[in-house]
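Before anything else, here is the set of structures, which you'll find just below.
Two complexes, one shared chain (subunit A), two partners (subunit B, subunit C).
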Partner chain A sequence: MEFLSYFGGVFEPVAMLLLLGGTVGGLILGATPGLSPTMAVALLIPFTFHLSPTHGLILLGAAYTSTVAGGAVSAILLRIPGAPANIATALDGHEMAKQGEGARALHLSFLASGIGGVIGVLLLIFLTPVLAQWALAFGPSHLFWMAILGVTLIGSLDSKSFVKGLLSGCIGLWLSTIGYDDMQGAPRFIFADALTGGINIIAALIGLFAIPQVMEMFAKGRNAAAIQAVTVTKHKLSASAKEIGQSGRALTVGTVVGSIIGLIPGVGGQIAGLVAYDQTRKLSPHKAKFGTGHPEGVIAAESANNAMVGPSLVPLLTLSIPGSPTAAVLLGGLLIHGIFPGGDLFERHPEVIWTFINSMLLGQILMVAFGIWIAASAAKIARAPMPIMAAAVLILAVFGSYSVQQSMGDVYVMLVLGIGMYALEKFGFSAAPLVLGLILGPIAEANFIQGSMIATATDGSLAYFFGGPLNIALVSLVVGSILYSFLSNRQVNTALKTVEAAE
Partner chain B sequence: MTGARTQHIVPAGIVLAVAIIVAWLSFTEEPTEAFLFPRIISVAFVGLAVWNMYRAAAGLARVGGGIDGRTALNVLPGLIVALAFVFFAATALGFYVAGTLTFLAIYTIYDPTPLSSLNGWVRRIIVTAVFMAVMYGLFALLLKVQTPRGMFF
Partner chain C sequence: MKKMIAGLGFALAAAAMTTGANAADTYPDRPISVMVSYGAGGATDFQARIVTMVAGNEDLLGQPIVIINKPGAGGRVGWNWLATKADNDGYTVGAYNVPHFIAQSIKGGVQYSTDSFEPIANWGSDPAVVVVGKDSEFDSMEDLVAYAKKNPGKTTMSGAGLFVGHHIAALQIEKACDCKMAYIPTKGGGAAAMKAVIAGDTLAGINNLSDAYRAREAGNVKILGVADLERNEEFLADVPTLKEAGLDVDNSSVNFRGLMVPKGTDPAVIEMLAAKVPEMFANGRVAKRMKAGGSPMKIMTRDEVLKMWSERQTYLEELLEGL
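Moving on, here comes the complex of A and B:
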């Protein structure tokens, strides 16, 4: 119950203000189509640079939590998921809204998000220290394999094509080596002056997540169809709360599925809502009602989305492996404040980490309160014209990346990486493994070099990096994740060929 | 060869070329110790890039629809404005002036309201001014970020 002794930090005026700002801002950003939670958190990181680590993390945590929930607003009212995580919410949520039950759907969505979110953060509170103790036994070879595992997991599981996912991871790992080498001070791959100091993680995160979305908005052209929102009529909150109490099955399935998916490194929240929705439908006696405006569909999807948030930080804080792309960006936020995840994290920075986790617990409650309150207004903002959103995100990306080190080089890197990522995404590459490679590259390299030195002094590299039960288990997981993804891809391709042949 | 296949071959070729350059530099540059980790990465990089190239050439690359002509035409004006802002205007004119012009340019280019509409121009100018005032307040006054001033500010 150590976390209780750090609760006071959350109620400090500045912390509360940031928590409120992050929650309300996150809800609005989440409700805006085209602005993903990952991008919102990436754009916020430069602002945390000017805050203490605790306050910076509180802001990022609040934004992470509320952008995921806020995405339900546009999913329900506009049938445009604010984030990929809200795809399942749109299936029944929008049907409810069309039937004049938009307010009810929004209430159910935020209440389910809150319940799932609180349980997810409680899992984070109780599981993280246990896993952290276990991670203390890790040496350089294990940490090296953990970093590689992070890249292969997210590369093979988060991408539609596992070859392109792993390639993205490789590109990220290579980008992380640009600049001067830490051990020898030797220049590596410095093709332009802007690369002399290496690739700044924050500028890269902004470029990789914000610029492709700006270009996606450009791609819609001048005549982008106007977004039509459904009018919201009032609904009693007490009736919605009663309904949530009676929807135990959907809530339980959503929360359990979301928590488990969050705990699996690299899988992320995109699939949590869809898997929970599918499982709830299978277990429901009213299967046929799903997709026609059934409240259980909204409850299952939204409880899963937010239940995933807390557990996705468990592997991040203990093993440096993010559970979702947004958690990967959060890892960048931790690193710029000099906080390195690992087994001894709770010994080195207990105040920062516990206050951050506690703020997420309180943030869930604030998210529900503000979400219900501002949902209807957020829908108006969600209809902000695309040209304004595109211009605003571009300017914010340029100013944000410049402000990190006050360097134009970072702005150039941000834009070039962003344009490159847009092109790569169009051909099936994914930003998440590239970012993870970029973030985990230095961790992998430092531990590889350290491990090589130990290996030279002891039994040699082969025995050091591949010997021992933990190394064998980690290498097996790396190979297993690649094989699993390869076989799944093959299965999908075979099915596609069969369909094409039949046509 | 179909258009879709060609669309996949071009990026696969570029990625393969980058992988080969990275591998070549990793194995030829000195000191060896500094390039130990890049060497390991580059081996995997080249291997995967070759596999990706083979899949693209064989027509097995199914993920990603590529960039069609219409998309490219839509993206191009915004891209040119963004590049001009970052690589020229930001330092030549100053961040805030360049930012204002960029915002107005992008808003105007992609706004479906006809250019002849006076109301449209008034709305665009007001939105731009308000947004840039917020940016100035946030970055110059609150965060005290010293941005390049250029000819103006």
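Moving on, here comes the complex of A and C:
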């Protein structure tokens, strides 16, 4: 309960102002396409030069928390996920916005983020020493199996067809090999200079999700009769709160999955949302509704990606190992003030570290309050005429992909991928499995290479990749996941055949 | 209104005249970008942000410096960009990491070499050190070498990647002890390599002095040796050099960090930067922040860096031959 005694520090006037500023600023930065939480935190680091360590960390902590949640705004309203963490939010969230339920989707998303986030930070407060050991348990072979487990989700993420889901995933895996390979430095599939660094994940996200939608809107906009007027339904906060109260399953799955994945260094929060979304769907009695604007999808995805924030800091604070790109930037923020993370950080600088953690706790709550406040007005965006909306999304997409590393090459990559995705969508493929392949490819590859090098030097590949309880558990999960997808796919097929036969 | 337009006209004409006269005289008249070929949060990025933070001071460059990250493939992406795409007008500066970029250019497959760039000045040197987990059976370099001799090829050592300082140090150690180890490159830089050591994924590891110092402060690792000519008195006075431990390893793997510009930049601009930049690195506020972060500084002038580059080039060509 030591942390309670440091709560006073958060309520100092300056600290409070920074917390408010960080939260509001973070929401806006997070909602801006192309500005991932990592970028947002990196942008704020220079400001902390002039602040005391405690104040600097309050600003960074608040910004980290709220940028992750802010990404949901553009994911829901514009179908541009602000960061990989928000991909799953876009799947059902944007469908809801199109049906005029944008305000409801935003309410649910912020409430779920808040609940997941608070639980995540509480885990950080109470279980840090235990969790640190857990984070270290994942070696190259385990991370490889984790990535493979993620790949097996690919087939089931696409609700329409198992095979097409797998195919999209494979395209994603292939795209992830483009560029210099990180281990050996071999150039692969580099046909244009813009591709030397590989495909930038943020630019790819924007292209794959936003561009097909823009093209769709332009196509419809030419035909005046096809323009549907979206009536934006006002949504009462109490109704949303009640709905959240009744979505125990989605919240639990999201929070648990998010916390566990957030903890594992190297996998990070990128896939937390997608995995939670997929698990919730598998456990839900309303499987078919996912992807058509089902609130459970939004709740699972958003509770997961904020639950990940707290645990993702465990390896950083206890072992000085940044587990995610954002944690790496936060490490810089700590070092600049001469604070070295590590086991005894909580004894040496308790006032700094507890105030930082407390500010994240309070930041979660402030983030929910501000998020809900903007939800009502933000949801009206859906009412904009389609051609205007399409143009606005296109501008944001170009701006967002350029701003990632000030490179026009990324804009071209974004456009090419987007146009390609438009064509693929016409054939029933979808973007989510493709992106998952793109994210998991490098993780699986690097850990496989590393693992096999260690295996060759030690006991051989079989013992290294299949030995030990954690490897066996992960392999069983992989096999189970494949069997599940296969069986449920067969069930759907049989059901379809029965329907056809009956007609 | 007319006055304003006339004023604007004058201003434009004046601006045109100055650019017409000699760009080098007024350099720099706008912010300068420094390209870092590693991601935000990495050691190079972190240090580059600190050493350039006082650039805006009137007695230094008088213009702020902004950091642009172009990460990928162990730095190859950024240096390729600097060599082939960047403007050589003096407003695009790059951060170098030696021996990384020199070793990569010797290995081939990239569009740069030492001839593609002009050094400005060096700000830091981060020697490679050998680390083992805190519960490791090895307490000295001698222990580790004895184990490697008994179990050829089984001593796994993590490092940040291939053809970076850590890899060079591993190659030198293997050569010096005449024994076979297994160097395991990681994706994700020094942090991932350190994690491999702490978690026991590998028996030992090569890492940066600054990161290893922090990991030791946190009680996670033991540091067995420093791959440098002298001990580091500031941070690790108790850790012997590899030479002291009986291994003939010099300072070729030391990670030097500094600034450079693309070839073809106006010599007057290079001269101006070469004079002012070391002064900027020597600024008291910079030194204080660098020390707080556990980052060893080593300020070297343009001439010293030119000499260091050419020495490294010769040595690395020899070491990497036939690899």
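Methods note: the second predicted complex is superposed on the first by the 269 of 503 C-alpha atoms of A that agree within 3 Å, B and C clash if a C-alpha of one lies under 4 Å from a C-alpha of the other, contacts with A are read in each partner's own complex, and residues count from 1 in each chain.
Simple rule for what comes next: contacts are C-beta pairs under 8 Å (C-beta built on N, C-alpha and C of every residue); 3 or more make two chains touch, one makes a residue touch a chain.
Predicted model only: the values in this text are computed from it and were never measured.
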Subunit B versus subunit C as contact partner of A:Leu149, first or second or both or neither: neither
Touched partner set for A:Ala210, first subunit B, second subunit C, both or neither: neither
Touched partner set for A:Ile58, first subunit B, second subunit C, both or neither: neither
Touched partner set for A:Gln184, first subunit B, second subunit C, both or neither: both
Contacts of A:Ala423 with subunit B and subunit C, given as first, second, both or neither: first
Which superposed partner A:Leu106 touches (first subunit B, second subunit C, both, neither): neither
First, second, both or neither for A:Gln406, with subunit B first and subunit C second: both
Touched partner set for A:Ala457, first subunit B, second subunit C, both or neither: second
Where subunit A meets both subunit C and subunit B, residue numbers: 181, 183-184, 186, 406
Residues of subunit B defined as touching subunit A within the complex: 7-8, 11-12, 15, 18-19, 22, 25, 29-31, 33-38, 40-42, 44-45, 48-49, 51-52, 55, 60-67, 70-71, 73-75, 77-79, 82-83, 85-87, 90-91, 95, 99, 102-103, 106-112, 127, 131-132, 135, 139, 143, 145-148
Residues of subunit A that touch subunit C when the two form their complex: 38-39, 42, 45-46, 49, 136-140, 179-187, 193, 196-198, 265-266, 315, 319-322, 325, 328-332, 335-338, 340-345, 405-407, 442, 446, 450, 453-454, 456-458
Interfacial residue positions of subunit C with respect to subunit A in the complex: 39-42, 45-46, 49-50, 53, 68-74, 76-77, 80-81, 84-85, 104, 107, 109, 153-156, 161-163, 182, 184-188, 191-192, 194-196, 198-202, 214-215, 217-220, 289, 292-294
Interfacial residue positions of subunit A with respect to subunit B in the complex: 47, 50, 159-161, 163-164, 166-167, 170-171, 173-174, 177, 181, 183-184, 186, 188-189, 214-215, 217-224, 385-388, 390-392, 394-396, 398-399, 402-403, 406, 408, 411-412, 415, 419, 423-429, 444-445, 448-449, 452, 493, 496
